[in-house]
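Here come two complexes built around chain A, the first alongside chain B, the second alongside chain C.
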Partner chain A sequence: MLKYLLRRLALTIPTFLALTLVTFVAIRLVPGDPVEVRQGEHGIDPIRLAKLRHELGLDQSILHQYWDYLVQLAHGDFGTSIRTQTSVASEFFTLFPATLELALCAMLLAVIVGVPAGVFAAVKRGGPIDHGVMGISVIGYSMPIFWWGLLLIMLVSERWELTPISGRIDPIKYYFDPVTGFMLIDAWLSGQEGAVWDAAHHLILPAIVLGTIPLAVIARITRSSMLEVLSEDYVRTARAKGLSPFRVIGLHALRNALIPVVTSIGLQVGTLLAGAVLTETIFSWPGVGKWLIESINQRDYPALQGGIMLISCLVIMVNLFVDVLYGAINPRLRHGR
Partner chain B sequence: MKSIVQTSVAALFAATLLVGAAEAKTLVYCSEGSPENFTPAMNTTGTSFDAARPVFDQLTEFVRGTTKVQPGLAESWDVTDGGKTITFHLRKGVKFHSGVNGFKPTRDFNADDVLFTFNRQWKDDHPYHKISGGKFDYFSDMDMPDSLVSVEKTDDYTVVMKLKAPNAPILANLAMDFMTVQSAEYADYLMKIGKPEQFDQIPVGTGPFQFVAYQKDAVIRYKAFDAYWGGRAKIDDLVYAITPDPTVRLAKLKRNECQVMAYPRPADLAEIKKDPNLNLMSQPGLNIAYWAFNVMKPPLDKKEVRQALIMAVDKSAIIKEVYEGAGTPAKNLIPPIMWGYNDKVADYVYDPAKAKELLDKAGVKTPIDIDLWWMPVQRPYNPNAKRIGELMQSDLAKIGVNATLKSFEWGEYRKRLQNGEHMTGLFGWTGDNGDPDNFFFLLGCTGDKPAGNNISKWCNAKFNDDMAKARELTDIAERTKLYEEMQQIAHDDAPQMTIAHSVVFEPVRKEVVDWKISPLGQHVFYGVDLK
Partner chain C sequence: MAVDALAAEPKRPGPIAEFWQSFAENRGAVVGLAVVVIIGLLAIFADIVAPHSAIEQFRDFTKLPPVWEDGGLWRFPLGTDALGRDALSRLIHGARISLFIGLMVMSVSIAMGVVLGLVAAFAGGIVDMIIMRVMDLIIAVPSLVLAILVVAVLGPSLENTIVAVTIVYMPRYVRLVRASALGEIGKDYVTAARVIGVGPIRLMFVTVLPNCLAPLIVQAALGVSDAILEAAALGFLGLGAQPPIPEWGAMLADNREFIRSNPWIVTLPGLAILITVVAVNIMGDGLRDALDPKLRRS
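And now, the complex of A and B:
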């Protein structure tokens, strides 16, 4: 097991290096640099421009800059944001709990709704429920997040007044200093009456919007996995033994069908974080997605590189964890057979 | 035990807040973005200026809703030495906010704070110059280092500013956000405890609102400062709810989740007007969109050709189609809300036949080829430069002028325009300090060199002399006379076609009392009340 873990860990190093290169190059391919993008119609005096570029190290060759960046990363330093002049890591970890809270809720919703929907569709294969679930999941999967978010705001928040429009908590009624960065927990710690409910209320729409795509994926994978399992001999045997349909499906079939679903949940982490960029912008959710968008607009190289690296580390770690979990479950993988 | 005590204190605090909240007047402003920090001298965006403004004051300030300059932290000033020396008499008894970030001021505002404000931006060896990156763009952009000889105090309440040349507009510069006066004592305090970078993150000022907290990318909180020298603000708490999407901002405004919103989408204006709970306020913006002719490149060196191009373009069609009601046609470089505006100037009339005649008169044989540059970004004065370029292209074709549309990335575009690589190009300007000089310098002779802001590369001796004379005068009436003359010269010689001034819209809830749109694009909450 240890050997397997070490092998998997070693494999993350080239992935990590490739990522540093891609993020470093990609942001520099976007026209405009961090100094010039700050200037309006005034423009900037060429001497001053050269001075500021020098201070940021932008006058060095690209290779030199990349090497400096790698050395800096090797020291665990993600740099300082050009825009705010604060440490990238501290900005990231201030904002990350908001993204994580939203992503977890979205994933919870996707699993709670997606798995039963997939099971029902499989059990009622070919029937209206199956067609309905599959049709809705195709729509959910292909819906642009931005459009979906605004549509929900207009209908649910604005017209029916069922949920707040944006933000994480009502800023007039509730005020407390963040302790963990997770609003639900902080609201509970604050002891203010109604704060937890208000925070949860604010979470509903963004979680639905962010959870829609994973929900669609989970429902489809659960369905196809269940269909496969339902045709297995042991399920037929269980039925032949006279077990109730609930036990056959819930205990015998679903448990085995869930293996690919768990894998897909691991893979959805990337989708969730990508979706968070848009969801956070629509719902004024102060997470890393919104922060990254602003960093792109401002060509804040350190913030963008650092942010993407930190997110990538997270995705790599989750995938590593899933792989290890898989290795633990399936000895064939562990032994590389 | 400790946690029980903490929880009890927090609960008590929360309960106090809740009781208070029932009576307190809280105004929520749906702002469009997050501030970079709270030191305006280091920033260039309106978003960051807006976030710091409630906390601070300047030596001079703009009368709310206008570009007129009035005394601020400087109670009065004397201009002597032919305009080259300005002596500021500072206001006494002005308090700094107390208790923010553990700082308790031991003295009132005085000349040391003014010197700190100047020297931090000006002097490379100032202990705070390099803190937080040390970029003071506006101080450079407004030519402060080139204008100042010295800024010194003669006593705690008198500051003498010596200038290289008479410069009346500098009084307006001092009212701008970048000249926000900060506390030298707070700076020393943070330096002593080894946290100087907090100076730009946790602001302490003399302004009408005291900073309470900033939750990054989410909310900024302020409370009214009871000891404000101008009298306590009418609202008790001010909250900026950072809401980047304009559709969501409007939805929040309609639901009364905020009472004032920044920058509505033009497409939403009709809907806002119809809403009985909202009040849509509007005013021409302090800006100009223009089409510059590079007079160094033939045939644009001929006045008649430039006039012909102006007359060939249907300005009203541009206003209608591109600005969609959020723009007014411009006939001068400065907008009509600015003092010094010459309303007697008669704008060129759209007349393709006359334009063709003028081209003939100039000896230009059609068809001719020109390039027409359009900027790749949306600006406050120009919602869609490409579309304007296309409309112009089709108008110009009617008189035998083939315009090739061209663009570059924004930084590159600006640089090339300033270097004069274009034949004709769309550009514009947003006023910084409300002084007409801040617009007219765009056509000054010093800016016609490569990298200069005069992208027509036009240099008119009379225009330039008048501008220099106006800088020496402090009398508004005398300056107005010169500016009126300059507008006529610029109109007749046509180095540019002035296209439009945008109209600024600000929707507020009906409950908001005495909201005033700032021509400078500021959002000012002091003086505002809630019903």
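And now, the complex of A and C:
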């Protein structure tokens, strides 16, 4: 097991290195000079310009700049945002809990609704429930979520006035310092009456929007995996020995049917982060997705570079974790090539 | 007698008829195909079908609602946008843009996927490792984030949207082709071809490739819908097609501020994306069931 773990870890090193190369080269190729962008409309005198370029290391040779970049990364320094003059890593990790909270709630929603929907569809195979679930799931994973978000804002927030349009909490009514960065928990810790309720109100629409595609995927995978399991001998045995259908499906079948579902959840981290970019932009959710789009619009290279590095590292780590977990469950994979 | 018995045996349907038979079993897929064909025809004949030009501005008729709402005019069946451009015409021309993006991305990424995948499978060793590591790298970056990075480098435009989305979706074709080629390489017919002296290029593209096509076609159909969605997302973020190109995602973003006063302007382009993507997806599901019985869901 340890050997397997080490081998998988070693395999990620070239990926990391290549990633640094790609983000480095890509960001250098971006049109528009970050120093010129910063100087604004009025221009800047050449001496100050040269000084700025020197400060940012932009006057060094490209190889030298890359080496500097690697050394920086090795020290855990992901650069300094040109926009805010703060460390990209600290900015990222201040905003990340917001994205994580949103993504976790979206995934929770997707599992809570998707798994039972898939199970029902499989059990009532070919019936109206099955067709309904599969039809909705096709629409779900075909959904342009930026439009879906706007549509929900239009109906739920504007017409029915049930939820707020943007943000994580009402900043006028409630104020408290972030402790965990998770608004629901912070609101609860603050002890202010109604704060948790308000935070949940802000969260619900973005979570639905971000959870839509994972929900559709989970429902489909659960259904097909359940159908496979239901035709297995041990399910027939369980039925034959007179267990109630509820026990057979809920206990014997579902437990085995969930393995591919769990794997698919791990593999959807990338989908969630990509979806978060759109969802956060629509709902003005102050997470890393919205921050990334703002960075690109303001030509904040270091923020974009650091942000993409951090997001990719995260996805690589999660995928590695899923792989290792899978290897632990399934020894055939561990010893295979 | 024997001759008569042979003659009476029903003719076996050709491969296309056989394919159609199993495809048509899935009624949803046939509906999907029909919708895709209609959208395709609209896209091809956009100049003839659309009542107005996609960019002509009727300044006296801005923000008209569709004809079934109060104040709608038959002259602009689905209303007009903030600049007085006909929504229906823009949607029809938008179909051309979206399908073009989808098909371009699909064909380029398949072409590259086939070449890289076959080379990786046949060359093995270090070449295989390098190709697959690069693909792993691309997969590690969330799709939209990578597309944003590419567009940031190249600048936002329709062409660069295609480049960005192609890069994002290429790895799945490479992996697919490599995996199915590796499955074929060990088989007897490949060995036989090798023994009689078939060259490596011919071996790759003529002997092995046709046997890897079924999963590739299925993936291609689903790849078109993903590409359309991804391109629309980029357009929505302002990083895709630039105005006045009637790209559906960009149309949505352009009119976002009128979401309260004129919900139709925002609703229709999104609906167009959804209908197109759903149609392509259910058609793709039908294709998979017909071509690849092993992958048949349930």
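In this text, the second predicted complex is superposed on the first by the 299 of 337 C-alpha atoms of A that agree within 3 Å, B and C clash if a C-alpha of one lies under 4 Å from a C-alpha of the other, contacts with A are read in each partner's own complex, and residues count from 1 in each chain.
Everything below uses one rule, namely that a contact is a pair of C-beta atoms (placed from the backbone, for glycine too) under 8 Å apart; a residue touches a chain by one contact, two chains touch by 3 or more.
What you are looking at is a predicted structure, and each value in this text was computed from that prediction instead of being measured.
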First, second, both or neither for A:154, with chain B first and chain C second: both
Touching partner for A:315 - first (chain B), second (chain C), both, neither: second
Partner chain in contact with A:227 - chain B first, chain C second, else both or neither: second
Contacts of A:82 with chain B and chain C, given as first, second, both or neither: first
Partner chain(s) touched by A:250 [first = chain B, second = chain C, both, neither]: neither
First (chain B), second (chain C), both or neither touched by A:95: first
Touched partner set for A:142, first chain B, second chain C, both or neither: second
Which of chain B and chain C A:284 touches, first, second, both or neither: first
Residues on chain A lying within both footprints (that of chain B and that of chain C): 31, 150, 153-154, 158, 281
Of chain A, residues touching chain B in the complex: 31-33, 36-46, 48, 52, 82-86, 91, 94-95, 98, 150, 153-154, 157-158, 161, 164-168, 171-173, 175-178, 189-193, 281-284, 286-287, 290-291, 294
Residues on chain C engaged by chain A in the complex (per definition of touch): 133-134, 136-137, 139-145, 148-150, 152-153, 155, 225, 229, 232-233, 236-239, 249, 252, 256, 259-260, 263, 266-267, 269-271, 273-274, 277-278, 281-282, 285, 297-298
Of chain B, residues touching chain A in the complex: 7, 10-11, 14, 17-18, 21, 26, 28, 33-34, 36-37, 44, 132-133, 135, 137, 140-141, 197, 200-201, 213, 215-219, 221, 237, 239, 241-245, 247-248, 251-252, 254-255, 257, 379, 409-412, 414-415, 418, 427-430, 451, 453
Interfacial residue positions of chain A with respect to chain C in the complex: 14-15, 18-19, 22-23, 26-27, 29-31, 125, 138-139, 141-144, 146-148, 150-151, 153-154, 158, 220, 223-224, 227, 270-271, 273-275, 277-278, 281, 292-293, 296-297, 304, 308, 311-312, 315-316, 319
